[in-house]
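Right, one structure below, let's go through it.
Note that the chains take the letters A, B, C, D and E in the order they are written out, and that residue 1 is the start of every chain.
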Amino acid sequence: MLEIFGTQISLAPIWLTLEVAAMTTLVLLLLGTPLAWWMAQMRSSNKVLLEALVALPLVLPPTVLGFYLLIVFNPTGPVTEFLRFFGFEGQLTFSKTGLVIGSVFYSLPFAVQPLMHAFEAISHRLLDAAATMRASFLDRFFTIVVPLSQRGFLVAATLAFAHTVGEFGVVLMVGGNIPGETRMVSIDIFDHVESLEYDQAHILSAMMLIFSLAVLMTVYGLNRRFGVKVG
Amino acid sequence: MLEIFGTQISLAPIWLTLEVAAMTTLVLLLLGTPLAWWMAQMRSSNKVLLEALVALPLVLPPTVLGFYLLIVFNPTGPVTEFLRFFGFEGQLTFSKTGLVIGSVFYSLPFAVQPLMHAFEAISHRLLDAAATMRASFLDRFFTIVVPLSQRGFLVAATLAFAHTVGEFGVVLMVGGNIPGETRMVSIDIFDHVESLEYDQAHILSAMMLIFSLAVLMTVYGLNRRFGVKVG
Amino acid sequence: MKLGSQYSHPVTMQGNLQLKLGPFELDSGEFTLPLQGITVLFGRSGSGKSTLLRAISGLDKRTHGQLRVGEQIWQDGRRALPTERRHIGFVFQDAALFPHMNVRQNLNYAVKRLPKGVEPADFDEIVERVGIADKLDRRVTFLSGGERQRVAIARALLGRPELLCMDEPLSALDWRAKAELLTLIEEVVEAYRIPVLYITHAPAEVERLADRIVFMQEGRIESIETLQQALSRVDSPLFDEQGAVAVLEGEVQPIESGLRPVKLGEDTLWLSDSHEIHKSKVRVRVVARDVSLALSDPQSLSIINHLPGKIVELVPESEHRMLVRVALRDGQRLFAEVTTQSAQRLNLQVGLKLFVLIKSVALAE
Amino acid sequence: MKLGSQYSHPVTMQGNLQLKLGPFELDSGEFTLPLQGITVLFGRSGSGKSTLLRAISGLDKRTHGQLRVGEQIWQDGRRALPTERRHIGFVFQDAALFPHMNVRQNLNYAVKRLPKGVEPADFDEIVERVGIADKLDRRVTFLSGGERQRVAIARALLGRPELLCMDEPLSALDWRAKAELLTLIEEVVEAYRIPVLYITHAPAEVERLADRIVFMQEGRIESIETLQQALSRVDSPLFDEQGAVAVLEGEVQPIESGLRPVKLGEDTLWLSDSHEIHKSKVRVRVVARDVSLALSDPQSLSIINHLPGKIVELVPESEHRMLVRVALRDGQRLFAEVTTQSAQRLNLQVGLKLFVLIKSVALAE
Amino acid sequence: ETAKIAVAANFTKTIEAVGQAFEKETGHQVKFSFGPTGKLYAQIKNGAPFDAFFGADERRPKKTIEDGIGVADSYFVYAQGQIVLYSANLPVAEQPIEVLKAAQFNHLAVANPKTAPYGERAVAYLKSKGLYDGLKSKLVNGESIAHAFQYVATKNAEIGFVAMSQVVDPQSPVYQKGQYWVVPQADYQPINQGAIVTRRGEQNEAVKAFMKFIKSPQAIKIIKQFGYNVS
């Protein structure tokens, strides 16, 4: 609990939000990187189809997306059964795992797009040069592609993070708004608005905005100071 | 009214959604183009700050964003007064205008980012060449920049359109869910889910997905066939 | 400034331009340039040639200083006449064709934007002369480097510029394309009488084209000289690995038994280049190392160019080599490079009459 | 293939590669190439030189066909040994330095990835020889074009390649940088005895460097010839606007009164290039147009190179010009270009003994 | 023991007060998750870990029993909502019907009659009084009763049917501002808010204790304080 201007602010949702957003960002970078690389290598016709598919979650309202995720990840549903087969215990929905899965779906395009643009901009001759120096594919990827796509990773991470922080519909649907477990800041603000606690809502919103702006600017600032300027 | 598999589907929200999405896309292109151009010309330090600012609406949950829009747009508030000064009649909330303005805020980053990338990729020497042939700035913009940023405009338009179609929180908060005036498909689906009319919800969702995929692919396909391949 | 007015009497460009680009600073200093014929900007890489040309064209908004062309003020402090109102044409090193238009559309871009009252140039004639008549409907992305430059030149000409700027228009091309386009540029400049500012760092191009040369160094204009002035220095920046060079001007005669006679006063130089020449006056480039000296007119020798001349100067080049400047009978001068040994053996001295033997002579290109 | 094994007896590359790139089709045909010394790939722009070199290096996954180097199979149908296991070095036209690393990091990239058991090359020596010892901590984005290529060459050498591929490594450079780097490449190749595949379309580079030449045309290998074979044809593709050229090989002698004597058998050619030479054998490039013929040894003439020779062939070049092939006393041959008029005047005929006058002679570069 | 209870969003504040009293009294823990009733229902149906479900109406709690998720005989009505007509400027306290008849306002806010019982009752009331047709074009629908209230509180709608609980709350932004009129309970079907225990919570001691506690006079007093009726 934190007191600001005489108003009680519960901190648990804030920590949870940061944790979920961080995990989502991590998962998105891990999944999005190979996907974006693959898309960047494609010829234009398939690429646009894939781009369209990746952008498709955008079209569904998040609550509706959450509704379908709820149905798909139902504890007696096939996906959970499938995972259980591999030793997965527990439930996908109404847990942090569920929040992360939902957010990953929802923010996928924001991670994939900037990465793809960054990868497309890398000169293949640099990779060729590395190959002639006996660098294997993974070696080339980590020593050439990753450092040169720094800005793409940065944009992907910040967009994914920001979008997850501001995420509401999916999280509410898939998470269940359980205090201390799946109640994120966005839902908390909403609850405060619902119960006429506008002061808390205002303070929380302001905190999120200021915090996010601070994070964005620090990250961009660091990038600017230490980043590679290419081209 | 349309009957699919014995289920009544009201078409009005669909038309409204398409209309609002189209208008939002138009407004975003009109506003986003100069903003993106300006950002593309900037040196990197200010640019990242501006990029962060443009991305900021992402951090607020749409419902919360909508809540603040409700406060800002109230008919006796300064924004409405300001607009009234320019001859604007009526109210922003509970109107299509309000929906469009709300969606514009919400989707701004998705229009600005791809446009900025596209503009950055244009060789300034082409603009120089056009200037030596007596083309004024606007002339150069429309005859060189716009055709060469075709793909950026396409991505911006499709993302903005898709995001508006799937937009929920802001529209819900600001619109007033007036049938035929501000009830969009996303809210309609939500209402169906709320009142346990899952069949209608499924059918509407499927329609939106299929329609969106069709639109995206047609647009990308046309672009591929008639588009300019540069570089 | 009325279009065409400069054709009769040359307009003067007068200026003093500054432009700071990161660590680099262009500061031209006061300069005055008659806009007539071809003016070459010459200098080492990074000396600011491109920057100056862009400043003159108004393509860099950060320029300040003064620039006046004829009666018209192009730059005054930070206030600048926008490029689109300077009536210039620009040919860039990489052509800068619009990739979303075909060749004809690229050309028409210039034609459509001619100011009212300016008569369009003869489209067909220019296209024909530049040699792209059969490529008008091609996508520009499918053109070769030489073809692209031709289109760029045609496009610039169709804009009826009052000044044509060219920034290394040929440097990306191979020698064959280069040779063809040099001829084209020469012809075009002569035919349309447009003053040209031309950047190159190839001395051969300078010798072929230049009426005057603007030497640049570290962002400054060092000097503005005519070609003859520039070549008369022994340490001219125009001399490259081939060493000293002279350029002789002569009148072309009809071909005789496969050789092209070029009259230098009463004497004749025979060129082996037998390709067609449309001009009456040509420049001939003579490298000092290709020139031998003989005290008497030698016989039983396959060298055909033996010209009588007189030594006007002996310039030691190094311990063992020297340059001998020889005046021909019509007053034009050229260099011969000889070893000090030979000079002693032949007893070379100023005033000595002798024969200049030139083995290989080429039109300046 | 053990590292260094090819130094003693040359490995052979044998192959037949296909690669389709849009409208362009590379189909090398069967070829056999001893991997020793410098092999130049020569051909017009678009003939497929780069494509072939990339196919040989395994840089294009779409390649198919056969390729065997020594005992090792590099390509068999669609199966290909990945580039990183071919132990090649590659120097690209634009250097392809890693922009996020400084010079030292670029160099170490190669060193760190040497296979176990391969002894690293002497870093300091290579860096010194290539002339970048004082630039190791520079950001590569701040290097000039020539410096970039030096780093690229050093980087390739530090990878201890068993084959060095170079795709027009000098074409983006000006003549000064070009001359320096040509010397460097020559030295390096001699010092480290690495076989080289070298692409260029500059005949001067071919004449200077090539041990053998792979002529390419429209995606095919037309022929593989030694330099002498290639130059002995009158219509050699190596001849450019300067016309026919001969390359003479001779032994360098110490400088005498500012001139560099090069022994061709008993006769001596005097070069005016007096820069340092670290080799005993050099190639000298003689352009046919620079060669004059005299029936008797002429006196009172500043030309210092008078070599006795004998006409072995007369080749009409055009109606009015001919090439005269002359054998020197040590058997090496060169061309002289003369007008038909002169030929008649001097009564030139096969077997005629005469003197060859060479005004300007340069080391091939 | 801990009980996880899903509660309709309109009851957020009330049940938190009850919960605090309960925890003090019994030592058990309760965790409340809030959301729209339909969404909570969908979550419970898809395996959400809730031990009890407090809906905003009768229908959806009862449906869980039909679905076999709710314990058959656990259903009871824990509160009845009261509708009030609120306006900041119009004299609704003295002349409610006249104000509605005169219709000198642009917007009348109600909760969505399709999904929220407050809205449904309000519309039914208007119909029964013959006022509906005259006001139909001025109705704006809040997604929930809280949302309808926001329209009024932010002055986007001049007048609205809201919940008693929202105007009597001392934290409410309209507390002791403007006027309200309590719609006579006899004029509309009671808004029964029903609750059930889920099969999952059947054995949970905390749930049993809470269900008992909420029927206690102490709890009823709290509920009434917040503006609800308890029959």
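One rule holds in what follows: contacts are C-beta pairs under 8 Å (C-beta built on N, C-alpha and C of every residue); 3 or more make two chains touch, one makes a residue touch a chain.
Note that the structure is a prediction, hence the values are computed from the model and not measured.
Chains making contact with subunit B as well as with subunit C: none in this assembly. Contact with both subunit B and subunit E is made by A. With centres computed as the average of Cα coordinates, no chain lies farther from subunit A than C. For the pair subunit D and subunit E, the distance between C-alpha centroids works out to 89 Å. Between subunit A and subunit C the centroid-to-centroid distance comes to 60 Å (mean Cα coordinates, whole Å). Subunit A and subunit B have Cα centroids lying 22 Å from one another. Subunit C and subunit D have CA centres that are 32 Å apart.
Of all residues in subunit A, those that touch two or more other chains are 63, 67, 193. Looking at subunit C, one finds that none of its residues touch two or more other chains. In subunit E, 39, 42, 150 are the positions where the chain touches two or more neighbouring chains simultaneously. Applying the touch definition to every pair of chains gives A-B, A-D, A-E, B-C, B-E, C-D. For subunit A in complex with subunit B, the residues that touch the partner chain are 44-45, 48-49, 51-53, 55-64, 67-68, 109, 117, 155, 158-159, 162-163, 165-169, 186-187, 189-190, 193, 201, 205, 208-209, 212-213, 216-217, 220-221, 223-224. Residue ranges on subunit E touching subunit A, taken from their complex, read 4, 6, 9-10, 12-13, 16, 31-35, 39, 42-43, 46-50, 144, 146, 149-150, 166, 169, 171-173. Of all residues in subunit C, those touching subunit D in their complex are 45, 144, 174-176, 179, 201, 240-241, 257-259, 270, 272, 274, 287, 289-296, 298, 300-304, 318-321, 336-343, 346, 357, 359-360.
Every residue of subunit B that touches subunit E in the complex is listed here, in rising order: 67, 70-71, 73-76, 91, 93-94, 172-173, 176-178, 187, 190-191, 193-196.
Residues 123, 125-126, 128-136, 139, 143-144, 147-148, 228-231 of subunit A are the ones touching subunit D in the complex.
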